[in-house]
Amino acid sequence: MGCDAAGVARAVRAAAELVTAHRDELVRLDQAIGDADHGENLKRGFGFVLAALDQSTPDTPGAVLKLVATTLISKVGGAAGPLYGTAFLRAATAVGAASELTPDLVSVALQAALDGVVARGKAEVGDKTMVDALTPAVEAARGSTVAEVLTAAAAAAEAGAESTIPLTARKGRASYLGERSAGHLDPGARSTSLMLRAFAEAAS
Amino acid sequence: MGCDAAGVARAVRAAAELVTAHRDELVRLDQAIGDADHGENLKRGFGFVLAALDQSTPDTPGAVLKLVATTLISKVGGAAGPLYGTAFLRAATAVGAASELTPDLVSVALQAALDGVVARGKAEVGDKTMVDALTPAVEAARGSTVAEVLTAAAAAAEAGAESTIPLTARKGRASYLGERSAGHLDPGARSTSLMLRAFAEAAS
Amino acid sequence: MKKIINDPADVVVEALRGLAAAHPDLLRVTEDPAVVARADAPRAGKVAIVSGGGSGHEPLHGGFVGPGMLDAACPGAVFTSPTPDQVQAAVSQVDGGAGVLLLVKNYTGDVLNFETAAELAAADGVEVRSVVIDDDVAVQDSLYTAGRRGVGATVLVEKIVGAAAEAGADLDTCARLARAVVAGARSMGIALTAPTVPHVGEPSFTLGEDEMEVGIGIHGEPGRRREPLPGAEGVVAALLEPILSDLPFAAGDEVLLFTNSMGGTPLLELYLAHGIAERVLAERGITVTRRLVGPYITSLEMQGMSLTLLRLDDELTRLWDAPVQTAALRWGR
Amino acid sequence: MKKIINDPADVVVEALRGLAAAHPDLLRVTEDPAVVARADAPRAGKVAIVSGGGSGHEPLHGGFVGPGMLDAACPGAVFTSPTPDQVQAAVSQVDGGAGVLLLVKNYTGDVLNFETAAELAAADGVEVRSVVIDDDVAVQDSLYTAGRRGVGATVLVEKIVGAAAEAGADLDTCARLARAVVAGARSMGIALTAPTVPHVGEPSFTLGEDEMEVGIGIHGEPGRRREPLPGAEGVVAALLEPILSDLPFAAGDEVLLFTNSMGGTPLLELYLAHGIAERVLAERGITVTRRLVGPYITSLEMQGMSLTLLRLDDELTRLWDAPVQTAALRWGR
């Protein structure tokens, strides 16, 4: 894919579609250890993202990411809205006015996204949250093309998401369950890995 | 049995026990076409009747019947409370101060009971109520001993109760169901036939 | 059966103890016979309003005892009308010398027990009148039934007549007003699930996952027919049409719209249905000038709802607006 | 799923239309973003009290908008906290120049979204304070959780702070009172059944016929543990013990006892449990001087209940007693 604004918009659309296709799975995951809305929240939010992208076509990758951020913040609510919103907002700021994303810029954007999530949610690795998917993704996000960077990140995110299964949650709604949260995949970690997979495939 | 006050009290106790033993059946019958309380209502009411008989021993059959009547009226509620209460009250009045029931007095008492139920509830034969059991019982209540009279009445009541199954209710709560009430035995007709059976067995 | 109860036989008396504990400012409870009476009863010179019925319909009737509404309520066993003794005790507790009006829902048991109670009270020298409430259009009022059931209109009658009595209306006026509300009110209900009576332990009936019971009462009795559950628009139409065509209500009417939960239907759904009903009535040219939305006459945990429409005039509107201070309805003062 | 709804995606907005239609005297609704505001907002010179949260807990929060309680409520999607835009819109609708207090239940989503909203409102030049409510003793307040949930105390905070603001208290005083109520209140809940979220279509969890879920929240999340369902005495003990030992409450305390239905538990059972709780507290030497009994903070149709205890002093008692005019709570005036 091209890594200009249109390419990034295509990647965001792909992520929106993949997350929406997994809506029921994400609802079920959240039902087990939360309040059964994660899939619905993201479906609603990315629905508005798609509508926003249909309306206006931002002219830099950063502007696309910012549009995603503000849409998620203003339409999702819950924990995922502000957390993903902040992630996209920090990523947008990190890539600045660049007209084209480079492998380095993608790595930097992912790091900024993670920093944003941690700044807002104060979760650490092992707390059974999206941070468990995003942290290894950032560490793995190296490569000579954007596709390579994102493919490595997506693979690491997937493993990171799986790693949440045995964990006892210490942040978010699942933490109320105490040890009963162990044995379940964290919905936010799962949606993070889905988004990165969609980005990687769009870039390849 | 003797047909003095003690004998009538024993017959009432037998009726109380039989109706209480059939409490669940009467609840289920009422659940199908009413509000699922007939068995519970009678169990509660006859529980108080037994307690009242334990406390004081009225000295005529009429006084026993009157005690049953006032207890049912003041403790049962619903449709069955006033209807059975009136039945026993009219029966009590009909047997007057007699110290011993004769076959004729039993027939007269049954007729008075039926008249009382009809006076209060305005039901006719075929309306799918206790009147469908009591009316044939009164007609059949002939014989040379009290046991014979009551055995004939009980058999007729049983057939009368069964006859309510195909009927569409026109009185009481079951009438709200319209044609959906057909195909079910009327709970009040069933409890009437149970009481008469208990009386007949106590007299034999 | 999943319920927060101890012995099913003690449910009513234990709930009455909680009611008394919760509202010491408003009401007093006697347990045997069971009566919920205004804390300040009897009120000398005021007509006393007494109602009652089986338990399981809370807040009806005990939740409506207090200034501006009932003077006393007689709670029977669950879904079983109270006994004459209860009603007689209630009458004697609240009679203030100006007479007592008995508000009776039209069920065989209620009618018979209140009838006997009225005789007993009259024998005690109390002037008593009874008005029977029968607003449920699901039941055809004909030779072939026990007549229409008393349902949602009961709440409206108790509020309006209670306001009149509080303002000093005499017994004849109170009885006339009760009859006027009954004449101008119609109701209809549906159920999505059945209630579970504590002494039975299982649901009174079972419905398929996609079915609703149409024309239900408030005692877990099945309705007139079973239909596929439509969306909220369809539910409201199924309730409103028979109500509107029965009285009939007509364009230009001013009405009170009472959207009632049968207990288990949450407010989110109830308000949603209420909004639809308001829209449909507006489309028909009927003006909703007063409304009541909530679980006020219920059937234990049954999911479902009913609509009641009452045609208003100035007198009824003024009495509806008058202050009321009860556990379940409060405004004004 | 059996519900009186149309498209699950429209449930909240359609319910808001019904709420607006039902209470035109009390409140105004805007749909996008969704805000329920006092009909007479903004009130110049009055501190505005704003709360909000996911829908499905009705009457919380929209049913508490009106004189003496909230100036505005922001209803999110079902069980989903509102967005910053909603809160910002609410703030701008009701800001009367004396500052705005945001009452936030302690959930990650609520805290983050209200935090952003507070920043946005501050950037608009509005003076904003936030108080986070976390009264649920089922959640251990430690490094290992997101902290205690905000549950029953929310209703009490909204009432008491709303009364203070109505009486002219300044922003600091309102914030101090909110913190005082949070500090003195503790809650605990159990569930007999799970709620069904409209967009999910099936119950959030399943319990055996003899089981209760202990330590539940209001979003259908499972509780801390599952236990055999005891009688009402056992249920009340399971709720009261952890509350009493946590603050701790002690003999001689004067308290408000709030007995709350999670939605599907009928008043008959709720009053029964309330009566037991009053008796147990009396046995412990704790004096219940105020009480609230009913479904006020719910979880859709979930059957279950919660108890909230608030230690009272003269100031809190006076504010509790002050007039309130909302859809769900009304007294005084």
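Before moving on, here are some points about what is shown:
Each chain gets a letter, A, B, C and D, in the order it is written, and its residues are counted from 1.
Keep this in mind: a residue touches a chain if its C-beta (ideal position, glycine included) is under 8 Å from a C-beta of that chain, and two chains touch if they have at least 3 such contacts.
Keep in mind that what you see is a predicted model, and the values were worked out from it rather than measured.
Chain A and chain C have Cα centroids separated by 54 Å. Centroid to centroid, with C-alpha atoms defining each point, chain A and chain B lie 74 Å apart. In terms of their C-alpha centroids, the spacing between chain A and chain D amounts to 32 Å. Within chain C, contacts with two or more other chains are made by residues 78.
Residue numbers of chain A whose C-beta contacts span two or more other chains: none are found. Taken as a graph of touching chains, this assembly forms an open line, each chain in contact only with its neighbours along the path.
Contacting chain pairs (ordered by label): A-D, B-C, C-D. Considering their complex, residues 2-7, 11-12, 14-22, 55-56, 58-59, 63, 78, 192-193, 209, 212, 229, 231-233, 235, 259, 263-276, 278-279, 288, 291, 293, 295, 298, 300-301, 303, 305, 325, 327, 330-333 of chain D touch chain C. Residue ranges on chain D touching chain A, taken from their complex, read 9, 33, 54, 76-86, 107-109, 112-113, 115-116, 138-140, 143-146, 149, 197, 199-200, 204-205, 217, 219-225. Per the touch definition, chain A reaches chain D in the complex via residues 27, 31, 33-37, 40-41, 44, 73-83, 120-121, 168, 170-173, 175-178, 180.
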